[in-house]
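Written below as structure tokens is the structure these notes are about.
As written, the chains take the letters A, B, C, D, E and F, and residue 1 is the first residue of each chain.
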Amino acid sequence: MLGYTITQWIFGILSFLAIMLALMVVFSRNPVNSVLYLVMTFFCIAGHYLLMNAQFLAIVHIVVYAGAIMVLFLFVIMLMNLNEDTEPQRTWLTKIIAGVAGGMLLFVLVGSLKGAEQMQLSSYGASQIGLVKNLGKVLFSEFLFPFEIASILLLAALVGAIMIGKKEIK
Amino acid sequence: MKLTNRSKVVSNKEQSAMEKMYLPGILKGMMITGSHLFKRRATVKYPDELRPIAAVYRGQHVLKRDENGAERCTACGLCAVACPAEAITMESAERKKGEEGLYREEKYASTYEINMLRCIFCGLCEEACPKEAIFLTDRIVDVEFEREDFVYGKDKLVEKVDKRVDVTKRQTIEVAEFKKLPGLKHNQVFEGKKLKH
Amino acid sequence: MINGISINYYLLLSTVLFIIGAIGVMARRNSIIIFMCIELMLNAVNLLLVSFSTLHNDSSGQVFVFFIMAVAAAEVAVGLAILSMIYRNVKSIDTDLLSNLKN
Amino acid sequence: MKGLLILSGLGIIAMLAEIFKFKKLLLPIVLLGIVAAYATNFMDWNKNFGISYFNNMIAFDNLALAFSGIILVTAFFWFILANDYFEEDSNTVDHFALVLFALVGALMLTSFKNMTTLFLGIEIMSIPLYVLAASKKNDVKSNEAGFKYLIMGSLASGFLLFGIALIYGASGSFDLLEIKSYITNNVASMPAFFYVGVVMLLIAMCFKVSAAPFHFWAPDVYQGSPTLITALMSTIVKTAAFVAILKLFMVSFSNISQLWSATLAVIIALSLIISNFSAAMQSNVKRMLAYSSISHAAFMLMVVLANVRSSLSVNALVFYSLAYSIGSIVAFGVLYNVSRKGNEGIEAFNGLGKRNPLLAMCMSVAMLSLAGIPVTSGFFAKYFVFTTMIGTGYKWLLILAVTTSAIGVYYYLKIIIAMYFKSSDGEEVVVVEKSQTLVIVLTTVITLVIGILPNLIGNMFEF
Amino acid sequence: MLSVILVKLLTCVIVFAISLGVAAYATLWERKFSALLQDRVGPDRAGPKGLLQPLADGGKMFFKEEIIPNVSNKFLFILGPSLFMVTALMTGSVIPWGKDFSTASGNVYSFQITDINIGVLYLFGVVSIGVYGIMIGGWASNNKYALLGAIRASSQMISYEIAMGISVIALIITAGGTLSLREIVAQQDAGVANVCYQPLGFLIFFVCALAETNRAPFDLPECEAELVGGYHTEYSSMKLGLFLFAEYINMFISSAVMSAFYFGGYNFPFAQELYNAMGLHEGSIWISIIGFGAFFTKIVIFICVFMWIRWTLPRFRYDQLMNLGWKILLPLSLLNLAITVGVEFLRGNLHF
Amino acid sequence: MLTLLLIAFPFLGALILFFSKTSAAKTIALGITLVEFIISLGLFFLYKHNPDNCQLSFEKDWVSNLGIRFDIGIDGIGLLLCLLTTFLLPLIVLSSFKNEYEKPFNFYGLMLVMQSALLGVFTANDGFLFYVFWELALIPIYFICLLWGGEDRGRITFKFFVYTLFGSLFMLVGLIYLYNHTNVNGLKSWNIIDLYNAGHALNATQQSAVFWLIFIAFAIKMPIFPFHTWQPNTYVNAPTQGTMLLSGIMLKMGTFGVIKWLLPVVPLGVEEWGGTAIILSVIGIIYASCIAIVQKDYKRLIAYSSIAHVGLISAGMLAMNQQGIQGAVMQMLAHGVSVIGLFLIADILLRHTGTRDIDKLGGIRSMNGNFAVLFLIIVMGAVALPLTNGFVGEFLLINGVYQFSPTLALFAGLTIILGAVYMLRSYQKIMLGERTDSNVAFGALAGSDKAVLIIVCIVIVTFGVYPKPLNDIAEEGVKQLLTYIK
């Protein structure tokens, strides 16, 4: 098709969608819509993961981000009953400044990312690294310490969130 | 203070470890509900099946005619007085010439209405009637869509000449005898004495 | 299956996503959206890591992504707890209203 | 490593205290634990040089042990100082646990050998602090501080991760040593995005240590947080973050210093100028200390910039961290006691010389130390930094540092003047708990002792 | 190739149809079953024995007037139930309904839409997306009751997902460390059903499945005594139908998952003997069909148990629900995991 | 060992005062300072003439890995300044007998710490130690000014502190720079001789840089125009004893620093930039003198005169010849003595009349003749008339500057004329002329004041007539120094 492979088409479409949806996240006036756009962005990213044969990661990505994190966001937004009317808006000037700053940053980054053209992703058949078994082996051998210590992180977050969240007992 | 002797004292005692597991309790509950799978259905498919009705069932009223087809009711109002639900209203009228075949006595009820929504089917009207004009029958009051339709007029209450309603089961001799006893209120009225309060 | 796509495209894509997130942080006043934009940035990083992982045919990049996810989840939990606490006190999550600390 | 385990265990024990009702015993237990951790640290000294744990994820070499030692000492004093802070709060055990977890993160930052452990260390240290900063639930300022800290922290994490990802992309590894060997082998042919990654890492770390122009969150956060938490942030967190920078940029990226040193120099210069001038204009002492911490950050960054790959710079950073931590403990301890009535302005110090001479004296010493006046530890700290810097090409930065630190004296002295010269509205005596007095005096004495005999520390850390 | 695709498509359609059909008849069966438990007859007017009742209900749903509240967010209002329905249907795709069979030409077809090696995670992923349907629907209604219902539903689902996940991890450890449903089922082929190894895990999974599907006694989100109709208070006609329907599909799928995880799926005791007696060879379509039958029987039994529980147990209070999830099921599942790991280690199946 | 005792003794005394909190602090402090004076006399007698290096030194490792040593010892110039310090301190203490300070133990304690630090500065032979003592001297005086100073002391002392610290940080940088260039058997060293060698090894540009880094610190301390702006206010606001310390001794730290720590270290730098510095000094002389002439406040007048004097000293020593430096040393001693007398007089005036305004004073001579005589002697010392001790130094200084540049010497010589103008004019206004309302009854001087003034006068006259013993020591010291410079 037009000289591109199916993969390239999929890549292109997913990327386009991801960027568009990400832009929608930023520019949508309604916070709930923002959340939904972000969820969809995450789906696109998960699609990319699948494209790179990182199946496990893709599904974990969905479970963690779409299934847990974004639900929390939605939860909070709904509890606070935020909608378009309550949405504060920055002045156009600030927005333009933010846009220009971001654009410049993008320009700098993209400019400096030259030189990677020659690096091609390795072929699909050989790549089994995204499978659960391989990931598990690496995670529990090489990355055992980070894995264990991440429990401290989660514990801390848990304790912290509960401490902040619970009502003050008088 | 106990109002009835069926009340139970609520106990807040600690549950035992076994009870705290809840599972046995839940299983017990499920056994109870499950056992109902094998119990007889209690449903009566009403319009198709009917439950047997007792002989003295008190259903829809009927205003009786005498053997000649004349209405028995004289609009004395005793039934209305007796009615605890105040469901009965009536208006009386004098019998005109030529109407002897229609009404048994000189006075008759030109309208007679029972509000079936108010009626509690206690049967006091029947007891109060000195003329043996009103009876409760084993017929079931029909369902209607409008409230007004539940106010039964004479068109529905008075039995059709060609389709008499059998009230013999209720019109027992004992009742008839009883009604004739002197000193009963309606007899007093009937005898032209003043009611004592 | 992934043949024929240069790593450059993934670099570009994640950079763009990252920058969009950064712009969001700058351009929005709603704290929750800002927070979400940060999540978007982290996801751009994840994408980049995975693509590099595929490039090098090395699992550690993907494993790193797990840690990022764990941290993101933890951060969000804490962050939203703080946000809801702020909302309880201020009845707003407009960042411009959060300026009690300026002298 | 054992220290790390002990601290993690302590955190969990702290959480159990509520359930098993030994809250009163918690502080002694924690202190004992910290001492134990310190002891294990001490025993490991020089022993397992270079031995790493878990596939080179983490290694407690002497450098790590030295900085962990500083962190633990600071933590020890901090806990004693904070005992009544813990008593006041209804969530005592949570606070304990969170602080201990933050310490675990800090220790990880001293010993990481891999980008994974770096990242996790930073987050383990930061997340409890986000919470602690916001821990005054009914105080909007505290909430705001926590929130700002969180947003800025996450943003920094984003940059950090992007940097790590790019570096990984180029080198194919998260291991510091492997990255280093990658650099040595491919100096000529590294893709451009590797450099971007390094710079992004630098930016992220500058966010974390609040160096200008990424400092804007720091004053707000320091001011809004509960005083003792601010103390924690400006001592332990700073120290840990600096070790991380040191290890990253002096160990891993030193071969390409020409890439980041100019950026770093600009950052340092900006920090020095902005922080000192801003600090001079503050009336809130906490805010002032925040700005001063930025300037100290600049000084510590100078050690990294000097990029002298010898014991000299490590020594300098060790000494600076210690001096700064101890001095800050005194300063914040006094500030905490002085500002109990809620007034954190400089006028809260008015007449302290009369209201509590001992406290005033300790504060004076601390201020002199932070300002870098001799026979206090702060002087030697600055001295060591100057020493490392003087051989490099950044002499203009050195001159700037000297000039601005003279400005720094201005705001430190403002407090001394307030204490001895200004009269307060009420002449009531500032009462300080015995344990706190002990800590404040002890730390003051340490400030003086290592100011007079820097050898005590200098000889200890020979790398 | 083409035939494979066609068969896959066909499988999709069949699974889709079965899901919908089962869900439809589950609504009828729910009423019937409750009637039985309560000594009643249940619906028996539409068609013989009331068998056409679901069609009547469906027709009614379709033809009722559609009411969208004026103040609601229209797009999201419609999106909510659709999403809920879609996710409910998606879960069916990884369930192995029967053994593979091969045709004479040697093509192997399977009674499964797709076997992905992380099927268990896929299930969890899709289930977690299902929360959005409820939340969006509840929020878009712009109704306090709906919002509260939605929040209840989502927090309940998220909470119970944890215990569920951990119990499944224990299961996966016993099942030899695979995340593919087909392998989990196949692994119970000759041996004993997993429930024998994982009784506690099954119990936890079962309770969580009840909560995940918002079934009584965990049907707090639609607790009419407090919340009118819960998240679907404002819904009417087919959009309400989608919500209700999806709930039954969820029930169906979770029954299927449970029977696959813990009760051997299409396997049944003495299956091999039976096949031998019938003279069926490996790969015969009849084996698949019998297996499918066995599977379906198990599913039906589970659905009955779901209903049985519904009509037995009273509804929880919300704090009780959360307490159960966090303070009982989660520790229990962790305990179960620990025991499993210990036992498996002693059996030599795990290496450190 | 005796040198160590010299430094440690006042410090110990200070500790005793701090902790005893006695109200008899004055007396104790006087005792301590007298003992200290005796110790320094001991040093004076133990001092061997014509040394080739330091004497009576005491060495100990301090921060060994950085080559920092606790290294103190006496050379000629240092000995003279130690003598000056130890001699002046009892006088300063004595002069304060009429003043009642709050918490005297702290006041005198700080003073003793200051003495200790000053002696440390004058005896240090280790660059780092020198810097430490240098900074250490700053802290007590800062507190003395801050706690016991006059109105507006906060702001003014603060300025003073920041100024001096600012300078000294630059000095530190300069010293570290030198230190980094030292090489003693592969190790770095802070020893003064090694620093000299390191300095000599530098090229002219480097030396210039180091010169300015270090010179700024000394210039601020002395102070030299244009770094002097902190000085008049500080002098005026500090308590009298503080002012005496500042002007009598602390000022000498700067000049001493130049002589011992600047000239021999970077001679090329001095050659390059010394002219500029001398011009600045001379500008300072004229500028300060002119301001002094129009000053109304007597204390402020003395303060400006101090700037003028120190300008001359600075010009002389930067000329870098035997006469100039020797004159500077002599002038330092003379100025120290006379300026203390002058400040005491200012204090006496204030105490007796309630004002220091020259215009409001007058005719005191008729009320207290003795005072007038003593005052006159001191004034004459200050304007360096022959037969006062000031003359020797001033003469040598102008001589030295003349060798450097006759034109500059001409301007520098103006200091004598201008000095005479403002000194004598103020004397005339205060002591002679009409009595004014404010000083109706100028009573007899207190015993302590009288004692101080008399001692000061005796010294002025004695060493004006017979300066030889001091001059000899100074000459030797300077000669030795010049060997390092060449």
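By our rule, a contact is a pair of C-beta atoms (placed from the backbone, for glycine too) under 8 Å apart; a residue touches a chain by one contact, two chains touch by 3 or more.
In this text the structure is predicted, and so the values were computed from the model without any measurement.
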Chain hops separating chain E from chain B, counting only touching neighbours: 1
Reaching chain C from chain B through chains that touch each other, fewest steps: 3
Between A-D and C-D, the pair with more C-beta contacts: C-D
Remotest chain, chain C as reference, centres from CA atoms: B
Most distant chain from chain A by Cα centroid: B
Centre-to-centre distance between chain C and chain A (centres being mean Cα positions), rounded to whole Å: 6
Chain B and chain D, separation of their C-alpha mean positions in angstrom: 92
Intercentroid distance (Cα basis), chain E paired with chain A, Å: 29
Distance between the centres, which are taken as Cα means, of chain F and chain D, whole angstrom: 42
Chain A: positions in contact with at least two other chains: 56, 60, 68, 75, 79, 109, 113, 116, 119, 142-143, 146, 150, 153, 156-157, 160-162, 164
Per-residue overlap in chain D, given as positions that touch at least 2 other chains: 116, 120, 123, 127, 130-131, 134, 137-138, 146, 169, 193
Inter-chain touch pairs (all): A-C, A-D, A-E, B-E, C-D, D-F
Complex contacts: residues of chain D adjacent to chain C: 115-116, 119-120, 123, 127, 130-131, 134, 137-138, 140-141, 143-148, 150-151, 154-155, 157-158, 161-162, 164-166, 168-169, 172-174, 193, 219-220, 223-224, 282-284, 287
Contact footprint of chain D on chain C as seen in their complex: 7, 11, 14, 18, 21-22, 25, 31, 34-35, 38, 41-42, 44-45, 48-49, 51-52, 55-56, 58, 60-61, 63-64, 67-68, 71, 74-75, 78-79, 81-83, 85-86, 89-90, 98-103
Contact set on chain A toward chain D in their complex: 109, 112-116, 119, 141-146, 149-150, 152-153, 155-157, 159-164, 168-169
Chain E-touching residues of chain A, taken from the complex the two chains share: 30, 32, 36, 39, 55-56, 59-60, 62-63, 66-68, 71, 74-75, 78-79, 81, 131-132
Contact footprint of chain E on chain B as seen in their complex: 23, 26, 29-30, 32-34, 36-37, 39-43, 45
